[in-house]
Amino acid sequence: MSWFDQGWGLSLTVFLPLVGVGMLLLIPKSQERLIKFVALGFGLASFAASILLLFRFEFGSSEAFQFGTDLTWIPAIGSNYHIGIDGISLPMMVLSTFITVLAIVYSWNHWPDPHNPKAFLALILLLATGMAGTFVALDLILFFIFFELVLLPMYFMIGVWGDRTMIRLPGFKREVETRLYASIKFFLFTLFGSAFMLLGFLAIYFKSDPHTFDIVALHQAGSMGVFDGTYGMWVFAALFLGFAVKVPMWPLHTWLPDAHTAAPTVGSVLLAAILLKLGAYGFIRISLPILPEQAQTWAPAIAILAVIAIVYGSLACLAQTDMKRLIAFSSVGHMGFVMLAISTLTEAGLNAAVIGMVAHGVITGLLFFIAGSMAHRYHTREMARLGGNQTLMPIMAGILAFTAMASLGLPGLAGFWGEFMALLGAFNPLAGLSLGVFRTAMVVGAVGTVLTAGYLLWMLQKVNLGEPSEEWLGKDLHDADRFELAAWVPLVVAILAIGIWPKIVFGATEGAVANLIKTAFGG
Amino acid sequence: MTTLLGLLALAEGGEHAVEVVTDPGGFVGVLADFAWLIPVVPLLATFAIVLVGKRLPLKGWELAEGAIGFVAIYAVALLIANWVTPMAVEHHIEISRIGSLPGLGDLVLEWGWVVDGLSIMMFTVVGVVGFFVFTYAKGYMEGDVRFTFFFASFSLFAGGMLVLVIAPNLIQLIVGWELVGVASYLLIGHWWEDHDNNAAAIKAFITNKIADVGLFVGVIILGITVGSFRITDVLDAVARHDSALAAVAFWAGLGLFIGAMGKSAQMPFHVWLPDAMAGPTPVSSLMHAATMVTAGVYLVGRMFPLYQTGGMADDVKTIIILAGGATLLLTGLIALVQDDIKKVLAYSTLSQLGYMTAAMGAGAYTAGLFHLFTHAFFKGLLFLAAGSVIHGVHSNNMSDMGGLRRFMPSTYKTFLIGSVALAGIFPLSGFWSKDEILASLSNDASHGGGAAATLVLVLAILGAFITAFYMTRAVYLTFFGEYRGDGHPHESPRVMTYPLWGLAALAAVAGFVNIPGVYTPFTEWLASRIHVMGDHHAGGLNWALALIGTAVALAGIAAGTRLFRRDAATQAERDRFRIPVLYPLLEHKYYFDDLYLNGIVGPIKGPIARFVVWTNQVVIDGVVNAFGAAARFASGYVYGWVDQRGIDLAINVVAAGAGEAGGVVRKAQTGKVQQYAGALFAGAVLLVVGFLIFS
Amino acid sequence: MFDYHALAPELIIGGTLLVALLADLVLPENRKYLVGVIGLVGLAAALLPLLTVGFCDDLPFCEGGAARVMFGGSYVVDDFALVLKGLFVLTGIISVLMSVAYIESDRYYQGEFYFLIIASVLGAVIMASSRDLITLFIGLELVSGPAFLLAGWRKGDVRSNEASLKFFLIGVLSAAILLFGMSLVYGLTGEITFEGIRVASAGLSEEPAFILGVIFILVGFGFKIAAVPFHFWAPDTYQGAPTPVAAYLSVGSKAAGFVGLLTICYLAFANVADIWGPVLWILAVLSMTIGNLTALKQTNIVRLLGYSSIAHAGFVLVPFAMAAAYDAEGLESAFSASITYLLFYAFMNLGAFAVVIAGAEKAGSAEIDDWAGLSRYAPGLASLLGIFFFSLAGIPPLAGWFAKFVMFRSVMGGGAGAWGVALAVIAAVNAVVALYYYARVVKTAFMDPVPATAPLELAARHQTAPALALVLGITAAVVIVAGFYPPILSFFGDAARVLSFGG
Amino acid sequence: MIVNQFLVLGALLFSIGVYGVLVRRNAVLVLLSIELMLAAVNINLVAFGAYVDDAVAAGQVFALFVITVAAAEVGIGLAIVVLIFRNRSSANVDELDLMKW
C-alpha cells in the first residue's frame, strides 16, 4: 500500500469524483439509473478512499502531514502539487466525502426542477473534488484553485435548480427570482473575497525568501516572523476578506441566507456542511500559522465580530417565518462560535473550532435535509402554515426534534463540545490578548446559547407540535422514505457518536493543534 | 480494577484513573467499580424503548420499570454497604486532551463515576421514589396516546439525573444537568397537541438555559483556574487555599449557584415550575418534586466545601440563604390561593426547595440534604395521591372535588400522611428535617450568620405556619364536604394505590435516620466524602425550636380547619377576604410572569428581532445592492457619456490644443468617425501634455 | 545572411499566398472552398519549421541554435519570435476554420477572403521577428491592410461597410501618428534598429521631442490593441464585420499590436521605461475600467465581446505598467506575463467567438436576450458558452485564472511597490465587475425560460458545421486542460521570456 | 545644416492634416488629409535622414517605404469609399452612425 500512502490515496479521494464527472458526461441523458449508479459509485469510492486513509492515519503524530506528495505543477510560478493531511484536515476531508455520498443518496428520488439528474450529479461530484481538495492542498495556489472550484457548480446549482419565488429587493423597482439574485450574489461576494485573497497569497509569496507558495515552508517562515509589521497587516487583511466572506462573518454574511434559502436541498446541505468550513479552515491552515503576529493583533476584532454574529444570527432567526431561512441564519450564529473559538488562538479554541465545524456540518446538514423534505411534502416553508408535523410524519418530526436539540448545543450530542469549548477558550485566550474583550465575548456568547435554544424550540413548536391545520388533513403526506432515512440515519449516528465520545475528532486534532499553537504562538 | 469502560478508554489511548479514599474492597468494591451501570442502564433502556418499545407486550413499560428497578436495588445495596462501612470511590476515564494551561498542564475531558455517601443517597432517592412512580405511572398513563414515548422520556430523565449525581467532574455534571432539562422539556410538553403545554415546556427549558449561563461560566472559571474539571481537584484547591482560585472563587461560586437557582426554581427563576405542572402527574411527582428540582441543592451540596464557612466563596452563602428565605415564604403564600391542586403542591415544592436552599445557605450541609431526602418521599407521595384524585375526578381543580374521602379511602389516607409529614408534625419525616433546618438557621444566626440568618429563621417559622395552613386547606377542599364535581369518582387501581402506600410508609419513617444526638446514620452517610464537609450541625435536638415549629404547624392546621372545614363550596371568593391585602398580589404571582413576558421575552422576540432582520435586509444588503446599482449606473454613464457622446469634449480639447476657434469645433462634432479620430488624437495630446507637466 | 531554416515559416506562408491566388483563378465557383483548404495546409506546414527551429538544440540535423539574427539585427528569430509566430499561425488556422461555413453562406470571393487572412497572418509573423522600425512598420501595415478589407467583407451589408470604413480611417490615422512618432525617434537617435535606439536613447528621457515621439508610437499601437481611449473603432467594427473576422481582429491583430508594443518597449525603449511605464499604467487602468463598465450595458454578444476584449487589453497592459520600477527579474516576469496572458486569451477568446457564431446560428441572432434558455435546446453549446465566458472571467479551474494570476503576480512582485499594488487592486475589482457581465450571458442561456419566439425547429434542424465544431473542440480542450495544468501554455510564455533577452 | 525649418514645416503639414481629418465631411477629403499627414512624416524622415546621415540612409529608405504603403492604403481606402457610395449613394463620413448604441 505504499503507493497509496504516498499521495495516491489523497489524490484518489480528491479526483475520483472528477473522473466521475467525466464518466457522467459520456452517458446519455436518458440513462438515469446508470447515471445515478455511476455517480454514487464514484462518490462511494472517494469516501472509501478517505476512510481507508482514516484507518491508516498515524494518530500518534497527527501534527505531521501524512500521505503527502510534492510534485512540480506549475514551474513557471514555482507552485507545486503539494498535498497531505494532518489531524486538522483529516476530519474535514472525511466529513466532505461523507456528506457528498449522503447528498447523492438523498438525490436519488428528490429532483428539483428542472429535473436533469445528469447535470445535477455532475455538479455534486465537481463540488466534491473542490471540497476535498481544499482540505488536502498544501500549496497556496493549489488551495486557491480548489477553493474556487466550488464556485461554478454551486452557482449553477442555485441558479438553475433554485427557488423560483419572486422577491423584491429594498430600493429596487423590479421583482426578481430568488435563485437568480441569490446565485449571482453568492458568486460575486465570494469572488470579490477571493480576488483579494489571491493578492494576499502573492504578497506572502514575494515576501517569503526563497519565494514559495508551499504552506509547510511558509508555516516555518511565519513562525520566524518573516511577515511582520504593516506589510503583514495588509496581507492578513486581504486573506481575512477572502476567508471571512466564505465563513461567513458578520457583516459579510448576507449572501448566506439568500443562497441557502434559494439553493435546492442538496445545495443547501453542501453549502452549510462543507463550503462554509472552507473559510474557517483557511484561517486555521493559512492565516494563523503564517501570520501569527497579525493574528494576535486581529484576534480581538475577530472575536467581537464573532459574538456579534452569534447574537445577530440568533435574533434574526427569531424573526424568521421561513423554516429554511431560519436554519440558514442559524449557521451565521454557529459559525460565529467557530470564529470565536479560532480567535482565542488557544489549543482549546482550535480544537473547539474543528469539532464545532464537524458538528455544524452534520447537524445543519441534517436540518437542511429535513427542511428540504418537508418543503417537498408541504410545498411551503412557512412555519405559520405547518404544525402538527409530529402527528403527520412522526419519524421525520422525531429526527427534526433530535437534530434541533443537537443544534442548540445539548450536551451528549455533537453540538455541545464546539460551543462549550469555544466559551472555555474565550475565558482565557492566548496570553497577551485582552482578557476584557474575550471574557465579555464569552458571556455574550453564553447568552447567545440561550437565544439559540429559544429560536430552535419555537421552531419546533411551530413546525412539529400542536394540532395539524386542516389544510393538510386530506393530503397523503408520506413519512420519510427509505432514501431519506438512508441519508439521515448515518448523520444521526454521527451526531450521537461525536457527542458521547468526542475523541473521534479530538483524537485527530489535539496533536496537530498543540503543535500549531506551539510553533505559531509559542504558547 | 479496570472496567469495561476503562478498557474502552485504554483502547482509545486514554487513561483510567481510580481515586480511592476509603476502599470498601471485596464485593462492595466490585459494586463501586460497576456503579457506572447505574446511569447507563436507564439510558440504554431509553434507546431500547424508542427502537422496539411499541412491539413489546407492555409497550416498553417493562424496560423502563426494569431499568429503574435495577437502579433502586443497586442503590439500596450501595446504601447498606455504605451504612456498614462508609466509602468514597472515584473513577475517571479520559476521553481526550483538549488543551494545556501554562503552569497547570493538560486540560482533559473525562467520563467517570463517584460512589460516596452523597451520590449513594441520591441514587437511593432517584431509584426508590422512581421505582414507585414508574409503577404508578403504568396505571396513570394507561391508554395514553404516547404511552411508550412517555416511558422512553421518563427513563431518559432517570438516566440523565443519575449521570448528574454520579458525575465526578463538572463537565459530566453539565451533561446530566442538560439531559434532565431536555427530559423535562419533553415530558412537560407530553401532550403537545395543546400549545399551552408546549409554551410551558419551552418556558421551563429557556428559564433553565438562562440560569445555565451562570453554571457554564462558573464551571469554566473553576476548570481554567484549577486546571481540571474534577470536583475533587477543585475542592483540593479550595482546601489548600490556592491563591489563583481564591481570586475568582466568589464569581465561580455565584455562577454555580445561579445555575442551581434555575434547576431548583429559586426566586427569581421560580416561574417555570408551576407551569411545569402541565405535564402528566407522575412527571410532576418524580421530576418536579422529588428529584430533578433538587439537583440545584445537590450541586451546592456537592461543591459544599467551596461555600462552607472558611471555604473560598462563603460570601455567596448570604445570597443563598436570602434567596432561600424569600422563596420559602413568598411562594408558600401563593399556594394559599391556588385552586388547581397540583399548583398548590407545586408552590409548596417551591417553598420546600426554599427551605433546603436556606439550609445550605446557613452552611447546614446535612440539614439541607436531609430535607431533600425526606421531601422526596412525602412530596412524591402527595403528587401521586393528587394524581390519583385527578385520575378519579378528571379535573385538577379542587372546586370540582370535595368529599372524596368516602370514594377513595387509600388515596385519602396516604394524602393525609403526606400532608402531615409536610406540615412537620411529630414523628413524621418532615418534622425531623424541618426541625433540623430551623435548628441550623438559629445556629448560624448565632455563629456569624448575622441578621440574614435571623431573618430567614423567622421567615422559616412563618413558612411552617403557612405550609400547614395551605395543606390543611387542600385536604379539606379535596376530601371533605360534598362532592362538587360531576361523574362518579372512584378509587384508583392497585397499580396506583400500592405505590402510594409504599411512599407513605417511607414518608412516615424516613425521618428516623437522622435523630439529632440520638441516632444519626444519615449524617455519617453524607460525611463519607473524599473531602471532609465542615458542617456546623446543631449538636442535639433543639427543644425550643422543635416546640415552636410544632406549635406553629398546629396553629396552621387549626386555622385551616376553622376556615375551610364547613363551607368549602365557595372558597375561591372567600379567599379574597380571608387574605385581604395580599390577595391581588398572590393572584398575579407577584406579576413575575407579566414582567418576564412583556418586559423581556416579548421585546426580544418582537421588535428587537424584527429590527435585526431589518438591518440585515435594508442596511447591510442595502449597501451590497447599492454597489450593484452603482456599477450599473456607472456603466450607463460611462457608456452613454464617455464612450458614445462625451467624445465631443475630447474634440474641444484637440481644438484647444490645435488652437482652433470654437466655430470650427461645432462643425467638428458631427460625424462619429471623426469623433473617434478626435478622441484618438486628443488622447495622444493629453498624454504628451500630461506627461510633460507631471514629469 | 539568409537563414532559410529560420525564415521557412515566412517563406511557406508567402508561397501559400501565391498558390491560393492561382487556385482562386482556376477553381470553379463551387470548389472555391479548396482555397481555404490550401491555406490551412500552408499554415499548418508553417508550424513545422517553427518547431524544428524552436527545439533546434535537441534535433540532430539542426545547427545554429534557437536564436538567429539576420539583416544586421533587423530581423531576429528567437524563442520569443517563435512562440508568437506559432500563436499567429494557430490563430490564422482557427480563424480560417471558423470562416469556412460562414463565408460559404454568402458565396462570393471566398478565394480572396482566405488570401487576405493569410496575408494578414504573414504580416503578424513578420512583426514578431522585426527588430527595426521599418520592418515593424511594414509588418504592421501588412497586418492592417487586409484586415480593413476583411472587415467590410459582407459587401451588401451597410453595417459591414461602415465597420470597414471606420476601421480604415482610424487605422490609417493612427498609422500616420505612429509614423510621425517613429520619424521623431529616428531623428533624435539616428538609429533604426531597436538595439541602436536602446543605446542611443540612454539620455533622452527628458527630451520633449523624443517623449512626443515615444508617446505617438504608443498611441499608434494603442489603436492596434484597442486600448482606451483609442478603442472606439473596435466595438463598431467587431459588430459590423463578419464574426470570424472579428474573432481574428480581437485575437490576431490585437496580439500583433502587442508584439509591436512589447518589442519596441522592452528592446528599443528599455532605457526610457520611465516614459512609457506611466503612460501604459494610465492606459491599463482606463482600458480595464471603461472596458468592463461599458460591457455591463451591452445587449449584443459580439459587441459585448468587443468591450471585453478592450478590458483584456487593459489586463495585458498591466504588467508593462510598472516597468520603470522593476528590477531585472521584475522586467522578465512582466514580459512573460504579457505573453502568457496573450496565449491564454487567444484560445479562450477564439473559443468564445466560435460559440457566438454557432450560437447565433442556433438562436437566430446575436442579441443576448434571444439566447434565453439556450441550454434547453442546445445544452452542449450552452456549456461551451459557460466554459469560455467563465474562463474569460478568470474563474478556476478554467484556463483564464492563470492568465489573471500571472498578471497580478507581475505587478505584486519585482519591487513594484505601492503603485503596483494599487494597480493590482484596481485589476482585482475589475475582475469582479467583469464576472458580472459574463455571468449575465451564461445566466440568460441557462436560467432564463426559452422565449416563445425562439426558432426551435430551425435550431433542431441546424447542425454546427464540422470545421466550427473542430474549433470549439480544440479551444475547449485547451481551456479546460490548461486550467488544471497551465504549463502546457505557460511553458511557451516562459521560454519566450528567457531567450528574448539573451538574443 | 539646419533641420528645424523642415521640422516646423512637417509639424504644420501634420496639423493641417489632423484638422482636415477632424472637420472634412467627405471621406475622400479625409483620406487626402491623412495623406498630408503622411507627407509630413516623409518630410521629417528625409530631413532627419540628411541630418544624421547614417551609412544606410535609413531616413530616405523609410520615406520610400512610407510612400509605397501610403499608395497601397489609398487604394484600399478608395475601394471602401466606392463600396459605401454604391450602397448609400453618399460618401459623407458623418452619416455612418448605424452602430451608435
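The first chain written gets the first letter, and so on, giving A, B, C and D; residue counts start at 1 in each chain.
The criterion applied here is as follows: contacts are C-beta pairs under 8 Å (C-beta built on N, C-alpha and C of every residue); 3 or more make two chains touch, one makes a residue touch a chain.
Small disclaimer: the values here were computed from a predicted structure and weren't measured.
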| item | value |
| --- | --- |
| Chain occupying the middle, per Cα centroid | A |
| Inter-chain centre distance, subunit C versus subunit D - centres from mean C-alpha coordinates, in Å | 26 |
| Rounded Å distance between subunit B and subunit D, as computed from the means of their C-alpha atoms | 94 |
| Separation of mean Cα positions, subunit C and subunit B [Å, integer] | 74 |
| Length of the line joining the C-alpha centres of subunit A and subunit B, rounded to whole Å | 33 |
| Shared-contact residues (touching 2 or more other chains) in subunit B | 672-673, 677, 681 |
| Where subunit D touches two or more other chains at once, by residue number | 21, 30, 93, 96 |
| For subunit A, residues contacting two or more additional chains | none |
| Pairs of chains satisfying the touch condition | A-B, A-C, B-C, B-D, C-D |
| Residue ranges of subunit D touching subunit B (in the complex, touch as defined) | 15, 18-19, 21-23, 25, 30, 92-97, 100-101 |
| Residue ranges of subunit C touching subunit A (in the complex, touch as defined) | 336, 340, 386, 390, 395-397, 401-402, 405-406, 408-409, 412-413, 421, 424-425, 428-429, 431-432, 435-436, 439, 443, 446-447, 485-487, 490-491, 493-494 |
| Residues of subunit A defined as touching subunit C within the complex | 73-77, 141, 144-145, 148-149, 151-152, 155-156, 159-160, 179-180, 183-184, 187-188, 191-192, 195-196, 198-199, 202-203, 205-206, 211 |
| Residue numbers on subunit C that touch subunit D, as the complex places them | 133-134, 137-138, 141, 145, 148-149, 152, 155-156, 158-159, 161-166, 168-169, 172-173, 175-177, 179-180, 182-184, 186-187, 190-192, 235-236, 239-240, 303 |
| Of all residues in subunit B, those that touch subunit C in their complex | 631-632, 634-636, 638-639, 642-643, 647, 650, 672-673, 675-677, 679-684, 687-688, 691-692, 694-695 |
